[in-house]
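In the two assemblies presented below, subunit A is common to both, partnered first by subunit B and then by subunit C.
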Partner chain A sequence: MRTILYILQKEFIQISRNRLMMGVLFIMPFFQLILLGYAASFEVKNLNIHIVDPDKSSFSSDLISKFSASSYFNVKNLTNSHKLAMEDLEKGKVDLIMEIPKDFEKDFINGEKTNIYLSIDAVNGVKAGLANAYAGMIIKDFNTDIFAKYTGRKISLPIGITWSNWYNKHMVYSTFMVPGILVLLVTMIAVFLTAINIVREKEIGTIEQLNVTPIKKSQFIIGKLFPFLLIAFFELSIGLIIAKLVFNLHYEGSLILVYSFTFVYLFAVLGIGLFISTLSNTQQQAMFIAYFIFVIFILMSGLFTPIESMPVWAQKITWFNPIKYFIEFMRMVLLKGSTFADVKNHFIIIAIYGVILNTLAVWNYRKVSG
Partner chain B sequence: MKAFLAFLKKEFYHIWRDPRSLLILIGMPMVQVILFGFAITNEIVDAKIAILDNSKDEVTQEISNKILSSKYFKLFEYLTDKNQIEKSFKKGKIKIAIIFENDFSQKLNRNENPQVQIIADATDPNTATTLINYVSSIVFDYQSKYLKNKSGGLNVVSKMEYNPGLKGVYLFVPGIITVILMLISAMMTSISIAREKEKGTMEILLVSPIKPLMVIVGKVVPYISLALVNAVTILLLGVFVFGLPIRGSLPVLMLEIIIFIITALGLGIFISTKVETQQNALLVSLMGLLLPTIILSGFIYPIESLPEILQYISHIIPAKWFLIILRDIMIKGTEFRFIIKETLILFGMMTFFLIISIKNYKIRLE
Partner chain C sequence: MKKDSGNYIVEVENLTKKFGSFIAVDNISFKVKKGEIFGFLGANGAGKTTAMKMLTGLLNPSSGKAIVAGWNVETNPDKVKLNIGYMSQKFSLYDDLRVNENIRLYAGIYGLKRSEIKIKINKLIGELGMENLRKKLVGDLPLGWKQKLAFAISLVHEPPVVFLDEPTSGVDPITRRQFWEMIYKASSEGTTIFVTTHYLDEAEYCTRASIMVDGQIKALDTPENLKNRFEVDNMQEVFVKLARG
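Entry: the complex of A and B
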């Protein structure tokens, strides 16, 4: 036990004397959360629209004013030429075009079905999907209104549709992203720093010195991992505070649950860091491998794109992604107030993951330097 | 010239002899493109849905069937009680729940305006918006048959220009090219020059008969080649595996890529003149180049969604201009005359970074 304490002391002194690292450790949570929290937004507003209106009737101008009144759209151009509109779209001046057909009003009154054409710049799929949804809602709304006007009845449509947005009433995008960014923060510290820290001893050659001391392998590993466990908890706490103060996140679930899951999770990802360190000989290599794994984990985590949209084989890959479970867990507990019973499986899976990875890492570690 | 060639050879050996890093440098972009291409789409399919049908009559069943038969939704469960909705959401299983009122079809026949209530899990606001729109469109469509005799309805015909399937690849391939070029050109150059400094071999190079400027050129050439190889590999993958179009002119595209590579190299050399160790070079390029490139270039997040201050900052990020050019040429097939402004800006940045990095390059050791 005393040996472990000495190793821990050594590690803490080493970390605290590395000023660059200390700086990064303190600045990173602020930098990442605030920058990413604000920037990582798929919130779409002020879409530029070019409206082509050859009809110039009272109906069409009603529809146009509905668009200009909406906070989602910004009517940039109003012409009656399809060609001009397409040119705007191509130059990137507008995000979408709406074309109102000629005889729009006449056809409508005659009871004929009229088509409204939307052409959306779909290079960015998220934006295009939302532009389509927003425009669709406005046109539907308009449709309901003119039915009412035309039929002179108060209730214009036979079926009423109401909707409510739960857990994020004001539809704030940062509420969705911040729990995920917290996960990235904790994971980055645990994986990158652990991997590099151990490899450094190898690269500098001091690992030989440690190997000839009476320190046992298990003590060495615990001594190496424990400081980063503490640092990761520290980062998580700062992150939770920033999320609360800067982003007004309201924590629905229990923070004790969050911390206990983080503990299990860190056990698993520190194992990943350890495993990477057994695979590399230089810090640069460790960085590369860690970066590589990290990028794949993030892409497959559901942080940016919903996992349900992935093809089935890709969804199966995500079963092996610890980041996915942690992000899911954080969103469920922090935003929806899920309880232990709801996330029991997450605990079990990550615990198994941790046991397997650490066994693998320790086993591999012995073989390399033993 | 011979000395320079020998030096160039040395630089290539440096890269070849670390096969693990080389493998990652070439393999990583490919894996990224493949993952992005196959796995990442923005189209929402199979969102899990729960239905609470309080009337279970032919109308509600018909609407339910219409919703479930669309590719957007997949039934998770039928609920029997209002209290189960919250539970179902908390278990993290469903994205959306639909509630039909009591006596739905009777009310419909009596013109009493029965209600369909949609509850969405808005922790992800965009998915919630899109799903609500899908459900209400389906309900809207359904009821238009009750209106047929009264008057005409509006029909929205949407066309997704340039990217009908809303595929992620269209957006991400140009983005990945940008990030990889930045990573290799700027980060690797700065690390490689910093390594010579750290190890003390820079001194040897500076007293050798090779001109100091040639040392830098020699350092840079292998990374230009590596960057070009990567750019071409990603383009080939994009075109042949994912059917990504290159609608514009290929020579213009390559020219723009080269301008961007040189800009990034200029940045890399500039960083290396300011730092002394590899680790610092890595940290500075990670924080100062890679993060801004990913966040502020419009790679993942549309620039218009950024807070205003960040939008202004994004103007000085070379990657932003490069990305606009790439997307215009590849996906929209924009002609060169429409992107002259962006090209000139990028060219100006290139000249600027080259000049300051050469100015700052010290041929003497302190």
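Entry: the complex of A and C
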């Protein structure tokens, strides 16, 4: 037991003397959360639109003003040339074109059917779909408005919809993203720093010296993991404070639950770091393996793309992704106020994950070889 | 079970290490007496480091037996580790810890009490004449100082035997000389020294020396006897004659 204290003392001194690392530890949470919290948004706003209006009637200008009033669209250009509009679309200056036909107003008054033509840049399918839907909504509104105006009759459709948003009432994107980014922060600290720290001892040869001392495997490993467990908790706390102060996140669930789960989760991901360190002989190798695992973990975590929209086989792969469980957990507990009963499975899965990984890592870490 | 080792601190019987079909250490047997300075010589790749790793519990033997400080290296590696000191050619102190912190760490690992550690730090630093460097980071010390400190630290728990793997490689002749003075001092205080080196003039300082060629021990005797037997003036020539076969 006393041996561990001496090893811990050494680790903390070394970490505190590493200026670069200390800098990263303090600056990273602010950078990641504030930058990504604001920037990583999938909300499609400010779509640039080129409107071709050869009609130039009060009708068409009513429609145009509806578009310019909407926060979803930014009327970039207003011409009466199809050719100019297509040029804008090709150069990527606008995301869509709306063409109003020449006799738009006249046709309507004469009771003839008229069509508005939308051309949408569909390189990004999601964005194109949303552009189509938003434009459709505005045009539909306009349709009902003028129909009422000119006929005096209100169109009433048989089925109406009333709705309310739950858990994230105002649909603020950062509320959705920040808990997930917090997960990345904690995970990165735990995996990268642990792996690099242990491999560094291999690289400079001090591990050989430790191996001829009576230090037990378990003492060495605890000495290595414990400091990063504390640091990860520290980062989580800073993150939660920033989320509250900067993003006005209101924590619905219990923070004790969050910290307990984080503890189990860190046990698992520190195991990943330890495992990577047993596979690598240099810090470079460790970084490379860690990056490889991380990119897959992040992109398949449900942070940026919903897991439900992945193919079924890919969804099965995400079952092995600890980040996925932590993000789900954070969104459930922090935003929806889920209780332990709701996230029991998350606890069980991550605990099993941790036991398997750590067993593997410890088994792979040998003091004696051959 | 601890074996009563009588006059010997290291006893090696038919020790062999194979890596696949390559035999790194080929059936070697020898004994090291308590208190002697035992030179373990051989060219690079002769199997010295592999043999040393087995004796210090870093590597398991393929076959054969080794008793170090009364304990079998294969069945009681932890007991062996508690009773030996080790200093490797790969410099092994922590560059980002201070002199006193390095001593404290290893003293703590070997289970010295807090009060003993304080005394030990002062004693070692005093003996090394490093009072002014006490709070310096080890990374900022010249290589010679680092090596002397590493040797002192390998003795921090006062082990009966210390293994030195090429301790003087890369240092200047004056430091090498000072280093050997430290070895003699430790030896005179009763510590057995087991040292590998490729400086053959250093072999002259040993009580007895063994010479390894291709995984086997080709000769083991006092430097004097070895020189007489091969009818040469120095260990260098003994070595050359043996290596040529």
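Keep in mind that, in the parts below, the second predicted complex is superposed on the first by the 324 of 370 C-alpha atoms of A that agree within 3 Å, B and C clash if a C-alpha of one lies under 4 Å from a C-alpha of the other, contacts with A are read in each partner's own complex, and residues count from 1 in each chain.
Criterion: a residue touches a chain if its C-beta (ideal position, glycine included) is under 8 Å from a C-beta of that chain, and two chains touch if they have at least 3 such contacts.
If you're wondering where the values come from, they're calculated on a predicted model, not measured in any experiment.
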Review point. So, does A:P311 touch the first partner subunit B, the second partner subunit C, both, or neither?
Key: first
Exercise for review: Kindly classify A:N115 by the partners it touches after superposition: subunit B alone (first), subunit C alone (second), both, or neither?
Suggested key: first
Review point. A:L36 contacts which: subunit B (first), subunit C (second), both, neither?
Key: first
Review point. Which of the two partners, first being subunit B and second being subunit C, lies in contact with A:K336: first, second, both, or neither?
Key: first
Point to revise | Partner contacting more residues of subunit A (subunit B vs subunit C) | key: B
Practice item. Have a look at where A:I204 lands relative to subunit B and subunit C in the superposition and call it first, second, both or neither. Key: second
Practice item. Considering only touches as defined above, state whether A:I161 meets subunit B (first), subunit C (second), both or neither. Key: first
**Study point:** subunit B residues within the subunit A interface of the complex
**Key:** 18, 20-21, 24-25, 27-28, 31-32, 35-36, 38-48, 89-92, 95, 108, 111, 113-130, 132-133, 135-137, 139-140, 142-143, 146-147, 149-164, 166-168, 170-171, 191, 278-280, 282-283, 287, 291, 295-296, 300-302, 304-307, 310, 324, 327-328, 331-332, 334, 338
**Study point:** Of subunit A, residues touching subunit B in the complex
**Key:** 20, 24, 31, 35-36, 38-46, 89-92, 107-130, 132-137, 139-140, 142-143, 147, 150-151, 155, 157-169, 171-173, 175-176, 280, 283-285, 287-289, 291-292, 295-296, 299-300, 304-306, 308-311, 314, 317, 328, 331-332, 335-339, 342-343
**Study point:** In the complex with subunit C, residue positions of subunit A that touch it
**Key:** 2-3, 5-7, 9-10, 13-14, 17-18, 204-206, 208-216, 367-370
Review point. Hey, which residues of subunit C end up touching subunit A in the complex?
Key: 17, 19, 56-60, 62, 77-78, 81-82, 84, 86, 88, 90-97, 101, 104-106, 108-111
